[in-house]
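Each chain carries a letter (A, B, C and D) given by its place in the written order, and its residues are counted from 1.
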Amino acid sequence: MSWIVTNLWLIPAAPLAASLIILSLANSRRSAAAGLAIIGQIAALALSILAFLPTLQAPGYRSVHNFTWFTFGEQTLRIGWMIDPLAAAMLFMITLVSLCIFIFSIGYMAGDKNFNRFFAYLSFFSAAMLGVVIADSLLLLFICWELVGLASYLLIGFWIDRPSAAAAAKKAFITTRIGDLGFFLGILWLYGGSGTLLFYDGGNGCLEKAGLLALGASATFVALLIFCGAVGKSGQFPLHVWLPDAMEGPTPVSALIHAATMVAAGVFLVARVYPLFSFGAVDGVTPSLTVVVLIGTITALMASLIALGQFDIKRILAYSTVSQLGLMMVSLGVGGVAAGMMHLIAHGFFKALLFLGAGSVIHGCHHEQDIRKMGGLRRLMPISFLTYAIGMMTLSGVPFFFSGGWTKEEILHATVHWHVSHIPHYLMLAGVVLTALYMTRQMIYIFFGNRRAASENAHESPPVMTLPLIALAICSIALSVVLTPAWPWLHGYLTGEPAHFDIALLVQPMLFVSLALVAVGIGLGFVMYGKAGREDRHRTAETDPLEHVQPALFHFLENKMWLDEIYDRTVVAWSRMAARISDWMDRHFWDGLVRGFGGLGQLFGIFSANFDERGINVGVDETMTGTRGLGRVMSAWHSGQIQTYLGIIAVGMLALLILYAWLA
Amino acid sequence: MSDSLDQIFVRGKQMLLSLLAGAPDWVIQLGSSLINIFALLGVFLTLFALMSVLERKILGRIQNRYGPNRVGPFGLFQPVADGIKMLIKEDIVPVRADKVVHFLAPIMIAATAILALGVIPYGRNMTPFAIDGGILFFFAVGSTTELAVFMAGWGSNNKFSMLGAMRAIAQMISYELPLIITTFPVVMVVGALSPDAIVAAQGGYVLGAVPHWFVTTPWGAAAFILFFISGLVESNRTPFDVPEGESEIVAGHMTEYSGFKYATFFMAEYFGMFAISGLAVTLFLGGWHAPIAGLQFIPSYVWFFAKLSALLFVYIWLRGTLPRTRVDQIMNFAWKFMLPMAFTCIVAAAVWHYQRRGLAAWLWSLAVIVVVYGALSRLIDTRKKFATRTYRFAE
Amino acid sequence: MSTAAFIVIAILTLAPALAAASLPKLIHAALSFALAFVGIAAFFFLLGAEFVGLVQIFVYIGAVAVLIVFTILLTRRDAATPDKFNWGGVVIAIAVFGGLIWAIFLTPGLSIAPPQIEALTVKRIGEVLMTDYVWPLQCVGLVLTAALIGALILVMEEKP
Amino acid sequence: MTPTLTLFLTISAALFSIGLLAALSRRHAIFILIGIEMMLAAANLNFVAFWRFSPQPQPPIGVMVAIFSIAIAAAEAAVGLALVIAIYRHYRTTNVDQLDQLQG
């Protein structure tokens, strides 16, 4: 048990402390605020590396540190933190990515008047997420989980003066709450079943033999309930609606939410409590996992389709995030935990890269987000272009050089070997194509073709913004070293099997398949949108090529498959109606009832009033006058003059004295 | 020989008492106390006269002028002249004054001052009234001065008098605490409240040169300085003479007094001075002990009065040197500096005692005092920080 | 202890006490109160408890009397007006006095001569205070501190 | 002939009644305080007298009680006078028969 394990709490504590100090700073101390935030993040990064080291020594290393939080009755509530390859990798990724984002946002938020508040929230956000990662107790995890939600709420609604931002914040908060409700129920059920919320507790944690056996068949439902939480957080199909709207927040925030912290939390949660899902699995298939696969598939496909019909640069990325998360969910569901996590980590890097790139583009185009108004930025912002291209290729899964490719392949592998059906596999393949397609579309719109309204006088961003881009780009390329099937170090690290080097494995059928798919996607993209780029510069709102071909489909996609509208028509409308009904009930039915009773009461009151007047009052009055007289007599004694009292005391003493002397 | 010279006054008293041998012993008691009282009065009235003229002369020297030098040789008869003047002056009592109080105030103040002198050992076996709780008696009597001052202030029904009395009482009360607390270390170390015991405890020498006076220990030195300052305040001397600051309130609580009553106040002030200095000598400067073993043949009372007059000279010197302080400054000084330092002296004395009074103990208690002193002077540095003045010219 | 001294002290105590109780002017009353307490201190001396006597003078003349005159000063407005005297109190007081005297003379074995005891030195008192009575001493210290703070808070100018 | 305990008790009784007189028959709050102080002093006198006339008490309990009660009396005086001043600030008087807010 090394020092770092017992003091793991320091990792989230560092950014938290930073944020608290920043909040207490004066609004003018901008540099101090930024410096503090970054120092806190660097400290967290250093500590995470420190925590990373012990996990290398043995495959499947895991050490936990539990302690009693408080005791109620004979129940003791124990919480704790743990470090294992999963957590360590996540820690490393989160801290590194957040560091880049922090640095980036110095440049991006430079003009904002609530600079300090922003950094405080950012630090708080990453602190909460780190807490989620190190938690060894479902309770602690849930607490940090909710803190993440709170932080996201604060940050999405950062520009509170924008009604849309406020609305988006509310939407995010409430939508995730719906999921968290399920999550909470799951926690309760789990506690009821296994009697502990610790994941690993020397053999009797809820994820270990004893706990699972204690849970028995109900594990499935618990798993599903917990999955609700994951669905809410990482924007899976029914509850994904908040994620695109979360684009209202500042771009670094979107980057943080989509790459490092928030959405990762859901996937991480599923991976963390995977034993619950896989409990009692017949060759790796359980009902709960099947549900996960289902949801994931739907999400992935739907999101990548919608992404095709969007014009807001950030929304496209958002939908791509959703689809990628779906992909991860699928891979988790089909049993490729390692694959899913690897993709999550890789995704963390390249999605951060993409978002920051988008941020830099937006910054360059004076906060214009419509890709139709951009174009030809290739020459104006070369660094952004290059890094963005790298990110795009990573995302669309170009093999060999880009981490995304390898992880996607892993996932596809996993889906192939799923016994239930191969539909997910094929759908995933389609998803890959779509991903490549919409990314290409975006690239062309933004960077190729000739300039348009917004990109007239665009400029490259300052180094403080471009350096993080470069760093992230390098990361997302370099990561592929440990991902190749030739030397699947990360895979081995996560699963706990030793990874051995074998160049022969580098070449496999799946590689070519995905290569082909990606090629198809990108090619298709160029074919479809190639000329769209070279539209006349003065026409801003031009029709999308797809719109030419399939107006109906395009509108369907553009309006996000009318999901929001559907929700409005259904869920929201229903609740409104329910409210209206109960209101009506209240006004008319209950009110009438109450009035009726009131009338009865009044009648009775009149009777009793008369009775009072005639009967009781007189008697009472008599008594009262008598009492008052008595009171007057009494209060005469109560002169309120100390000296009188003193004199009386003296007389009393005298009396006692005489009495005593007499008796003696 | 030297012994007989030392005890000459004791012998004389015994001789006088032997005159009324065979009388009932309360008569003898009465006689001895009367003798003591007259001795005291004689000595200190003389000292007062001498002091008053010497003060004026020394002040004169300090201010680079002759003092009184007309009446008698070197103007030594000046006090006589003053006395006569004071006696034949008209005694004015304001109409609105509270006659009784106005009349009683000077008597009371003088009486207390003289009483305080009664417990100080002036020489070997030369303590007029050897009370077991002598120090306590001293302060008990001394504390009644405040009442007397108040009587003076209230009695003469004059706002200057009242203000003066208020100031006097305020600063007396404030400085009574340090004054008394600085005696605690001595009392604790000696383990007795009687001046004789304290003086006895300071007998003896380190290798015949360094006397065992308490002023030679760090806490003793600190306590002595604090005690001396408080003494200055208690006897309303410069630089703490705001109660009778002529420039502000005519003459404080003595404004409405004239003639002999004024003289009484004057005398009381000097007697208070003598008493405080005498107590300082007793407590810290080894009472009537000789500074060097070799000089013990000189009679003890000589030593005592030598030390006393040295202190008195310092009084005069300060008066000639220092300007008058402000009331709020005095108060701040009392509560923020004197009091904590006095407590520190107690601690230091305890350290000194429990380190078995060796050299190490000496250094330890020195360390305590120095540390606290440093800390205090850091903390209560209330000097106004003025911004550097910039001159702007008309442009 | 001699009867002469006793008589003198008794007069010196009771006369100022009566004055304190009956003088019309508050300041005079306060001053004669101080005088009466000197007399009581003298009684303590007579009884061979010098320490108590000195403490008595120290506390009452040095502190309490000064406090009282200060209070008189601060409440000058109606301290100036000599206040009326109610005779009911006198009656009660005299009655109480009679009762006490009666009780005293009723009790047998009180008219005894003082036994010879060795003087009660300050050292002795100190030892007793520090050994048997150390807890009461601490408590008194606490009480005094509390009283000091309380008095300060009471007389603080309340800020509007 | 030396004074007996009876005489001391008589004196203290007289002192007590004088204090009571002051406390009862004067209207000024300060007088009441003075009277109370006197009564306390009388009690002290009793204590010390009893100590003196009892054969060799070990330890000197009477004296101790006297000392403590003097200390307490000092505290009481301080607080009492503070109260007087506070009352004066409120009601502009220290005349106790105008201070009858507690009158029934």
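Everything below uses one rule, namely that contacts are C-beta pairs under 8 Å (C-beta built on N, C-alpha and C of every residue); 3 or more make two chains touch, one makes a residue touch a chain.
Since this is a predicted model, take the numbers as computed values, not measurements.
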Chain located farthest away, centre of chain C as origin (C-alpha): A
Interchain centroid distance [CA atoms averaged], chain B/chain D, Å: 34
Distance from the mean Cα position of chain D to that of chain C, given in whole angstrom: 6
Chain centre separation in whole Å, for chain B relative to chain A (CA means): 80
Length of the line joining the C-alpha centres of chain A and chain D, rounded to whole Å: 75
Chain C: positions in contact with at least two other chains: 2, 51, 55, 63, 70, 86, 88-89, 92-93, 96, 100
Multi-partner residues of chain A (at least 2 other chains): 643, 647, 650
Residue list for chain B, restricted to those that touch at least two other chains: none
Those chain pairs that satisfy the touch definition: A-C, A-D, B-C, C-D
Residues of chain C defined as touching chain B within the complex: 2, 4, 25, 27-28, 31, 34, 50-51, 54-55, 57-58, 61-63, 65-66, 69-70, 73, 119, 121-123
Chain C - residues contacting chain A, complex: 86, 88-89, 92-93, 95-96, 99-100, 102-103, 106
Residue numbers on chain B that touch chain C, as the complex places them: 26, 98, 100-101, 104, 131-133, 136-137, 139-141, 143-144, 146-147, 150-151, 154, 162, 166, 169, 173, 176, 191-194
Complex interface listing, chain A residues touching chain C: 643, 647, 650-651, 653-654, 657-658, 660-661, 664
List of chain D residues in touch with chain A within their complex: 20, 23-25, 32, 96-97, 99-104
